[in-house]
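Order of writing sets the chain letters: A, B and C. Residues in each chain are counted from 1.
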Amino acid sequence: MNDENKPVEVPEELLNQVAVTSMGELASQSFIDKAYNWGRRNSVWPVFFGLACCAIEMIATASSRYDFSRFGMEVMRASPRQADLLIISGTVTKKMLPQIIRLYNQMPEPKYVLAMGACASGGGPFKEGYNVVSGIDKFLPVDVYVPGCPPTPQALIHGLMKLQEKIDSQSIKEVSWYDKENRGDPIPMPVLGPDLMDPRDFSANGKAKE
Amino acid sequence: MSEQIAAAPVDLISLFPDQVKADERVGYEGFMVEPKALVKVVVALRDELGYDYLSSVTAADYIDDHKIEVVYHFFKSTGGTNLTLSTQVSREKAVVPTLMHEFPSMELQEREVYDMFGVEFTGHPDLRRVLLWDGFEGFPLRKDYKEAYFTAEKKPFTNRWPEGHITRAEDATPYKKNVVYPDNLKPFEEYDPSVENLLYSGMKNFLPEDQRELNTEPVMVNFGPQHPSTHGVFRMAAILDGETVMALKPVMGYLHRNHEKIGERNTYLGNIPFTDRLDYISSMANNFAYVVAVEKLMGPRVQIPERAEYLRVIMSELTRIVNHTWAIGFLLNDLGAFFTPALYAMIERELILDIFEATAGSRMMCNYYRFGGVSRDIPEDAMAKLKGLVYERLPRKIDELDIYLSENEIIRERTEGVGILSPEEAIAYGASGPVLRASGVPYDIRRAEPYGIYDQFDFDVAVRYHGDTYDRYVIRLDEVRQSLRILQQALKTIPEGPVLLKNPYNVRVPAGEAYGRAEAPKGELGFYLVSDGTANPFRYHVRSPSFINLTSLEKMSLGLKIADVFAILGSLDIVLGEVDR
Amino acid sequence: MNKEKNNLYGTGIIKGALVTMRHFIDTYLDDIRMLGKRYMTQESIEYRRSKDVKGIFTVQYPDEKLPPQEEFRFIPFLVYDTHEDGTDMIRCTSCGICSKVCPPQCIWIVQTIDEKTGRPIPEPAEFYIDIDICMNCGFCAEFCPFDAIKMDHDYELASYDRTKAHLFNKERLMKPASYYAKIRPTYFEREEAVRLEKEAKKAAAAKTKAERASKSAQAD
């Protein structure tokens, strides 16, 4: 038992490339967990939501040559209410950010976010611009990052498989969305003032925090 | 070419001896007009001299002279080179009369100039910010505007080498979300989260007089920015009476990536990969237009090897095929033929993208053109495959697409007679590319003002005469066929030889201005460049066809059912990277 | 081709449906024709990339991978040579050209300074690329005068965290010349040929110089 709980040693260069699930942990996953994860991993429905150039590669991934319906992901839903995965496929601009956050808040749990491309991960080539948010992870919790500009369709599928691995490692007992106390609050909506204004930056008296 | 320009000045200056003078700065050509006389001069230009196509308006901030210059580019719809008209106003009180009533194509563009430079156009009925949101602080393209991650005026930044200790830009600003708040920031609560009131009140103004009071029947509906049929993050606000559109406003800027500001900080060479990301479906064509503009500035000293000229044409025409098949596929998507036509179109696209990948290195962001040539030669196996595609597969597949779709009764009924744009309107609204030609104006820059070696090829300018959605669909098939014709000739006669003579990384161009344009798949893609002789452009403006084609969207949609609006939008074939830049 | 409208309503739709039908049937015909070799073989991937492809078109990543073509570029990497004595020599001389041409300015280089003389040594002390900014444009590889930075083919880089993993440092960027030779054989050969030629010229020049020196020594 102790053995199983011991943290697995992962070489540093692989630290972010592997989901840590020891054999013990996998074995200790109950049958219910496995069935639960099997069902979820094979029916990850993305939101039909394209932002910029990367969205074109996302559509290419969905279409004839790469066809991610082989992973049960072909049902791209235009409504966030019916989707599990938000693929941020492109440059996040300040003007668009409130809408993205609204979309995210409208998605039912369990929900995942995949940052596709340099722009969504960290701002990309347009990072220095006045209307560009440097990475969606400043506002949303991102599960998988796929670098590249644009990532090729195969790179995107690789990222989606990484997401499946992550889903595999979750346990129904621990996931936050059944936990009444710790269920995450919706992300506070930023407001477009003289610049993008995140309510979290402002103290109770409504002044900007340093 | 030069005769036309030489012929015009006499007329204009003799017509308005007091208000117009020739622009005498080194490297500039065109006319300087008094702001007060602008409307008069423009009307004379249009009615007496035949310059009926006002292609673009933009501005440049000459901060050292304390002036903002508003620049207009005119063309004749029968062909020929541009005529530049500029007018200078002071930076503090930048007011220019609107030309929107003479040229409706100015509606969105003047709003853009207002948004970026703070130039006020008196008489414009709906002068709001277009790419940013109302309430934004500052005018970004003025030279004294600095963004939150500002490092230095010009690239290359000196803190990258030799002492390039890495920092993330986030760590440099106080609010790590790349935001700089003004000093006189009001408390958070005072901001209204909906900044759209101006938009809606603006729309009321566009309604007919007796329907101004939105009391009961008409409904305000927003489509987008997250909507599967808007081709990206585009938004339309419409006032509907039942299902009929009574007023419609495009709302854009959700993908405004500050292309021009970044471009002015960047070097000439460094802008090439950024142009890839304008119209990201047809990056090669963007490269082409940009190098045409820069080579125009550089003057005759650039030598382009013959093989490179051929490769430029080949790649640009392949891009047109990619773009048009994609556009057809997604137009059908919008009509409700969910995805099957798009999937078939995408097969051909993927095969062509393979060739791009083998030649330029990337499927989408090709970064292939250089000043004075192209970056690499096409490998032999890719050439063999390309020949197979051009001579055998693509003609067959285009015919298949034609059989598959063109006679389909549902498509015809949904598109024929819908969204009609007459030739006069098309010109007045500044439409270009397939949209203009589907309205019966045979205007194609490859013929009207040939660039590259297009004058050596035998092809027809595709033109259709109804100006409806169906014609805008069929004309794309026609154009693909013409592109194949060009390709077939080019592949037969392409000579051997080098593709690039020299490739310096510190490109400098002489001081002056230039407006270079090319027939991109979506229409006239123009680049307005002002050089001050340094390694970075002083002004870098993109005249984007998608953006300007949207000006006529409202005109085409009024009185139609809301479902038709999506068909019209699909037939305009916009790409948001280019609309918002 | 704007044909006359069909008289019989519905023929257009039927014609279109037949096209779909043909695509459907083609797939099975192809399967039968290339029995057993239609999927999972190198040959079949080539077929699906060729102009003759009919029927199903999907490449089933990750079981089959569409091999990147030689010119394909993703994130850059730094080439190092391994000498006969086993030491690794990074080719980069920290001349800074790549960081100057990089359009989004995502390359950060610190030059090594010789502590004694205070002069720069041709080797970078630090070399960082922020791959969350890099636009994979390939300019760095195109303009590097020492063939020291090249564009990689490895695109499978998805990760769960970016703060550290997406800042590539020198160690992360370095890859052996043999790897480069593997992914870009024609480039490598061309550059090797140029390099050998240069070296031969240098050797010849050195030789003539030495000869001249010895001659003049003799003359003395």
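Convention: contacts are C-beta pairs under 8 Å (C-beta built on N, C-alpha and C of every residue); 3 or more make two chains touch, one makes a residue touch a chain.
Because the structure is predicted, anything quoted here is derived from the model rather than measured.
Trainee: With respect to inter-chain C-beta contacts, which pair, B-C or A-C, contains the greater number?
Mentor: Spelling it out, more C-beta pairs touch across B-C than across the other pair.
Trainee: If you average the Cα atoms per chain, which one ends up farthest from chain A?
Mentor: Using the mean of the C-alpha atoms as each chain's centre, the farthest one from chain A is B.
Trainee: Can you work out the whole-Å distance between the CA centroids of chain B and chain C?
Mentor: 32
Trainee: Round to the nearest whole Å and give the separation of the Cα centres of chain A and chain C.
Mentor: Averaging C-alpha atoms per chain gives centres 29 Å apart.
Trainee: Taking each residue of chain A in turn, which ones touch at least two of the other chains?
Mentor: 64-65, 123, 125-128, 149, 152 - these are the residues of chain A that touch more than one other chain.
Trainee: Quick check: what residues of chain B touch more than one other chain, meaning two or more?
Mentor: 151, 273-274, 277, 344, 347, 350, 365
Trainee: Check each residue of chain C and list the ones that touch at least two other chains.
Mentor: 57, 103, 130, 135-136
Trainee: Give every residue of chain A touching chain B within the complex, in rising order.
Mentor: Touching chain B: residues 47-53, 55-57, 60, 63-65, 78, 90-91, 93, 95-96, 98-99, 103, 123, 125-134, 138, 149-150, 152, 189, 191-199, 201-202, 205-208, 210 of chain A.
Trainee: Under the touch definition given earlier, write down the residues of chain B that touch chain C in their complex.
Mentor: Within the complex, chain B contacts chain C at residues 151, 155-157, 160-166, 168, 266-267, 269-274, 277, 340, 344, 347, 350-351, 354, 357-362, 365, 367, 375-376, 379, 385, 388-389, 392-393, 400, 402-412, 464, 474, 477, 503, 505-506.
Trainee: Show me the residue ranges of chain B that touch chain A in the complex, using the header's touch definition.
Mentor: Those residues of chain B that touch chain A are 131-133, 135-137, 140, 145, 147-151, 169-170, 174-182, 185-191, 193, 195, 225-228, 232-233, 253-259, 261-262, 265, 273-274, 277, 280-281, 339, 342-344, 346-347, 350, 363-365, 576-577.
Trainee: Under the touch definition given earlier, write down the residues of chain C that touch chain B in their complex.
Mentor: Touch residues, chain C against chain B: 1-3, 5-6, 9-13, 15-16, 19-20, 23, 49-53, 57, 68-73, 94, 96-97, 99-103, 105, 107-111, 120, 126, 128, 130, 135-139, 142-143, 151, 167.
Trainee: Under the touch definition given earlier, write down the residues of chain A that touch chain C in their complex.
Mentor: Residue positions touching the partner: 13, 15-17, 19, 64-67, 70, 115, 118, 121-128, 135, 137, 142-149, 151-155, 157-159, 161-162, 166.
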